[in-house]
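You will see subunit A twice below: alongside subunit B first, and alongside subunit C after that.
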Partner chain A sequence: MSRRSGRAGEALAGYAMLAPSLFGLLAFLAVPIGVVVWLSFQNWDLIAPLRPVGLANWRDVLTDPDFGHALLVTALFALMVVPVQTALALLLAVLLTRGLPGSALFRVIYVIPWVCAPLALGLVWKWIFAPSYGALNAVLGTHTAWLTEPALALPAIAAVTIWSQVGYVTLFFIAGLSQIPDHLLEAARVDGAGPVRVFFSITLPLLRPTMFFVLVTSVISAFQVFDTVYALTQGGPQGATDVVAYAIYHEAFTAFDLGHAAVMALVLFAVLVVVTLAQQLYFRRRISYEIG
Partner chain B sequence: MPRLRALVATAALLAAAGALLTGCSPASSGATTLTFRTWDENAAKAYRQSFAALHKKDPDLTVKVDVVPWADYFTKLRTDLAGGSADDLFWMNAQNYSEYAKNGALVDVDKALGTSAKKAWAPQVVDQFTQDGTLWGVPQTSDGGIAVYYNKELVQQAGLTEADIAKLTWSPDHGADDTLLKVAQKLTKDSNGKTADQPGFDADKTVQWGYSAAQDLQAIYLPFIGSNGGTFQKSDGTFTFTDPKTEQAFQYLVDLINEFHVAPSAADTNSDGDFTLNQFQQGKIALFQSGLYNLSNVADNVKFSWGVVSLPAGPAGAVSVTNGVSVVGNAKSTHQKQVAEVLKWLGSEKGNAYIGSSGANLPAVLDAQQVYFDHWKKAGVDVSPFFDVIDDKPTIPAPVGAHFSDASTAFKPYLDEVFLGRTSVKKGLEQAQKAANKAVTGGD
Partner chain C sequence: MRSDERRRRVRGALAGASVYLVLIAGAVLTLAPFVLSVMTSLKTSRQLATEPALAAPQPATGRNYSALFGAGEGFGHALAVTALVVVVVLIGQLSFSILAAFAFARLRFPGRDALFWVYLATLMIPPSVTLVPLYLMMTEAGLRNTFWGLVLPYLFGSPYAVFLLREYFRGIPQDLVDAARLDGAGPVRVLLQLVLPLSRPVIATLAVITVVTHWNNFIWPLIITSGNTWQVVTVATASLQSQYNGNWTLVMAATTLAIAPLLIVFLIFQRQIVRSIAITGFR
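Let's look at the complex of A and B:
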């Protein structure tokens, strides 16, 4: 009896300690998600009264070629950003851990864009990309419409995104690299492995936990890209940069169709869960967290 | 990756959702503070003075002024109304009010102030804000018509006189009466000093444009459509982009930009509505077609000498659009009596005159308009071209319809392509019309 009540008391104390974060989780995550699920079955334009419409929003969105297009653009964007950003960050991390003079300064410099407000950066880039009087065209001596040429707009957005995030990702690789014990690298060198061989056979495999984390978070953030698109192209030209997060914003706050927007948000959520699970499955069999 | 925008949007959504669950706060007695929202920084100053005067008259009533920038105005208004945190009174334009009126969000002005109050106000603006026989706003500013600001120095340098540009005409076939094109060519220069009508002119190196043709509904394409005898909408709010006369007007504008290169590329102007204003202010556009709403911007920021001439006339004459802004009352405000009192004040000569005294806006209360004309007369600016074009002359109606803003979002991407010259005018306008009308009829 007393043991049971003791255990109950322990559980109670445990929940009490959990309560603050549990409250945060419920109030700011679970409840809003619940509201969005509920909204996905309503027609609401923010002025007229809510009207339940059953599955109509889901039918509309899932059969809308524009939404399929938005998913495709987003996937394409992720494909442009994630590999380049990861490779670049890895390269920077390797260079910055060499102990070259000025490394500490460069570490800070590379992270600055990530620290800045994306919208402000977007405005600066808008000026850089401007067809007339833009800095980029002035340097190149061209008159290219970087942001209004359908073939160039998405790569331009991807380039800005990579530029602003690469320093942040580099930090994780620097941390990961510093975890690799020197004796392993030394042993490899003693066995006659060159720097390239050491990197691909020792360093890279031992970086897998970092790599997993970096890839998962990069893919998620690529799928949620919004600010840069909002500041630079607003989804144009010809829908070339109409990524899902922008399409959701547009549907909710320009077209004022909250029901459709809710469905789109839930689909994006589902896609991200699936992508993350797939990555986890891939890495689970390949990660060793134990370093001897 | 901090997604500020998404966060704001989510917060707004949450606030909106929260408002569905909770009610509004109860009204207090005695002293009342109301809030008023506008998108115009200049107007805000005038309103603060106006409300200070009202406070003197009725010490129990204080009105605070909020400014929400134009780019976010209607997005924020809509979410705030849904969230129950919108102001008691706010500025409204003719293109957006009817959706709000239809859903009971606005105070019925006829009921609040009586049906005869409107006699004191600019009739065009009253008409714009009347739907099904009910007036939904108290007119505050009237835009007059569209005219052309010109840079006197650039005109002189091109060897032209004011007489050459005072009565410009244009024609879709670029015939002898297309003086607008000829003048604009003379006023367009590349970095080698060659003008657009000379051989060897390099459009990629333009340093000065003759004219401000761009995808600008109120200042550019509506007047061109009207001046060619075309139409933009039917009375039911559906769009008529494919009207042959309308198509001709668009073709003419697109040619000015992409064929004759006398106006900046749409790559610059499509996404930056102020590009032509800024270039004019910097002395890089010679003829800048716009409305009274830019008069202060020009007068305060321009360092060269400038003037105003009338809107170029097309085959159907010089047909302008005129527009107005009203103040509307929030029907959900808990202080309806005071809201009516403020509406009455702002509809009076005294209350409305403040926004005219700085010259920023033409008051829509007829008796208050004189201060505006006095201001510009004193400044030596002849504003008559903005009024001659609409006085007893036919005008093209300003956009209407409960779904105009949705429709405008839907057709803009197609017009973007048309102005860039990437889609043929005919095909682009067909697409624009289809998208716009779908938003009107199916856009529930």
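Let's look at the complex of A and C:
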């Protein structure tokens, strides 16, 4: 009797404790997904009342060469950032796990940019890249317009992104490296493998779970870059840095076409899901191949 | 044999030196933008134009900072609004996430596992997708350009925090919970007197992550507020830059003020943060 009432009480306490968080989850994550789908079939300019327009928004966005361009720029950005960032982070992690004195200090220094507001860092770099009175041109003795030259602007934003995130990614590789048992590395060395060989045939394969996590999260965050673009170029010059997240913002809050923006957001969502699943499939196949 | 040993030692020292060379180069590249921007913030526009960009300010001036706190800019107000947002979101997110995580980890009730799957699924939803619909919902609720418009979407906890806390709470030995239960403690007392004190590290970690995320938040405050009343520090910095385009000494003072408070928090808690980032990535 008392046991049963205890169990009912436990269930009641469970639901009560869950209630606020569940409300937030539904109201601010689940409902918005429904709203954005519904909004993608409406015309809304923030002033006039909403008006259903059927598939018109979808047709407009999917045939809009500018949106195709934005997707391309975003993919290009991810291709510039992710490989370099991952390789640099791996290198730093290897160097920082050699037990050298001072490693902890370097680790902290490298993480500093990750803690700071990307918007503020973006503005710092906007000054560094400035054609006159900027630090970079002063160091190089040049007068390059880094951010207004279409061929240079996207690489510049990629460089700032890598600079601000590489220390953070390094921490994951350090954690991954520290989980590799010493005796495996020792065994390979005893068998006469040099450090390069040990790294590529023992360390790297064993880092696969870390690598998967790092690649998935880096790609997802690269596909959503906004603050740095807003601070440095606002999508310019001539659309050279018009990434999808910035295009959505611009469509919604500068061009005031929220229906179009809703479609763009849903396309971005679909792209992210596909990219994540593709990475998962790739890694799963590689891992099972190895076991089999 | 002996010369072999010495050769190996020399090679080791050389390797160590080259490792340090790479590490120091990395540290210089990481820190230089911070040092340069602070130096620039201490110059007058004239000094910036006439002196080399890399030279230390001579003499240093606090004029840019006093201008930011002067009548027109209201940077102090933006800092205060940001601090208020961060504190309210921190309290709400931590308490509601702790309650939910405890329910998932330690209580039994019908539908628990299905609900947890819903939480996991929402981890996949990127913020850039919910931005436009949230803006529509807040506008309809009349919350545009209000304090509640700024904090409501984050107040009730995050699925990520619930997930992280649940993993940690599950690691607490069942024996301890059973003993407390036998002593007649209900779920609330078990949470407050047993689970919370044992979970201090993970809660501290989450607190720091929440503070960093919301101090740095930009796009949501950018679209949901307008004007000075509820302007947060990132938005104030961005609007200052577009207003005084090219006035780099003033803008660098603003970025320094936007960055400094978090940098101080980070340096105080750096050991926990660095250790915990690794934990939060893997379970």
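Quick note on the criterion: the second predicted complex is superposed on the first by the 261 of 292 C-alpha atoms of A that agree within 3 Å, B and C clash if a C-alpha of one lies under 4 Å from a C-alpha of the other, contacts with A are read in each partner's own complex, and residues count from 1 in each chain.
By definition in this document, a contact is a pair of C-beta atoms (placed from the backbone, for glycine too) under 8 Å apart; a residue touches a chain by one contact, two chains touch by 3 or more.
Quantities reported herein were computed from a predicted structural model and do not represent experimental measurements.
After overlaying the two complexes on the shared chain, residue contacts for A:155 are found with neither subunit B nor subunit C. Of the two partner chains placed by the overlay, only subunit C lies in contact with A:268; subunit B stays clear of it.
Once the two structures are superposed, subunit B and subunit C can be ranked by residues of subunit A touched, with C on top.
Within the superposed three-chain model, A:163 lies in touch with subunit C and out of touch with subunit B [touch as defined at top].
By the touch criterion defined above, A:224 lies against subunit B and subunit C together after alignment on the C-alpha atoms of chain A.
Once the two complexes are overlaid on the shared chain, A:11 sits against subunit C while remaining clear of subunit B. In the superposed model, A:112 lies in contact with subunit C only, and not with subunit B. When the two structures are aligned on the shared chain, A:252 is found in touch with subunit B and with subunit C.
Residues 32, 35, 39, 46, 117-119, 130, 168, 224, 226-227, 230, 245, 249, 252-253, 258 of subunit A are contacted both by subunit B in one complex and by subunit C in the other. By the touch rule above, subunit A contacts subunit B in their complex via residues 32, 35, 39, 43, 45-48, 50, 114, 117-119, 130-132, 143, 145, 147-148, 165, 168, 221, 224, 226-227, 230, 233-234, 236-239, 245, 249-250, 252-256, 258. The residues of subunit B lying in touch with subunit A in their complex are 1-6, 9-10, 12-14, 16-17, 20, 75, 78-79, 81-82, 99-100, 102-103, 105, 204, 206, 264-268, 270-271, 406, 409, 413, 416-417, 420, 443-444.
By the touch criterion stated above, subunit A contacts subunit C in their complex at residues 7, 9-11, 13-15, 17-18, 20-25, 27-33, 35-36, 39, 44, 46, 91-92, 95-96, 98, 100, 102, 106-113, 115-121, 123-128, 130, 133-135, 137-139, 163, 167-168, 171-172, 174-175, 209-210, 213, 220, 224, 226-227, 230-231, 244-245, 248-249, 252-253, 258, 261-262, 265-266, 268-269, 272-273, 276.
Of all residues in subunit C, those touching subunit A in their complex are 16, 19-20, 22-23, 26-27, 29-31, 33-34, 36-37, 40, 48-49, 52-54, 96-97, 99-100, 102-104, 107-110, 112, 115, 118-119, 122, 124-137, 139, 152-157, 159, 162, 186-188, 212, 215-216, 218-219, 223, 233-234, 237-238, 241, 248, 251-252, 254-255, 258-259, 262-263, 266-267, 270, 273-274, 277-278, 281-282.
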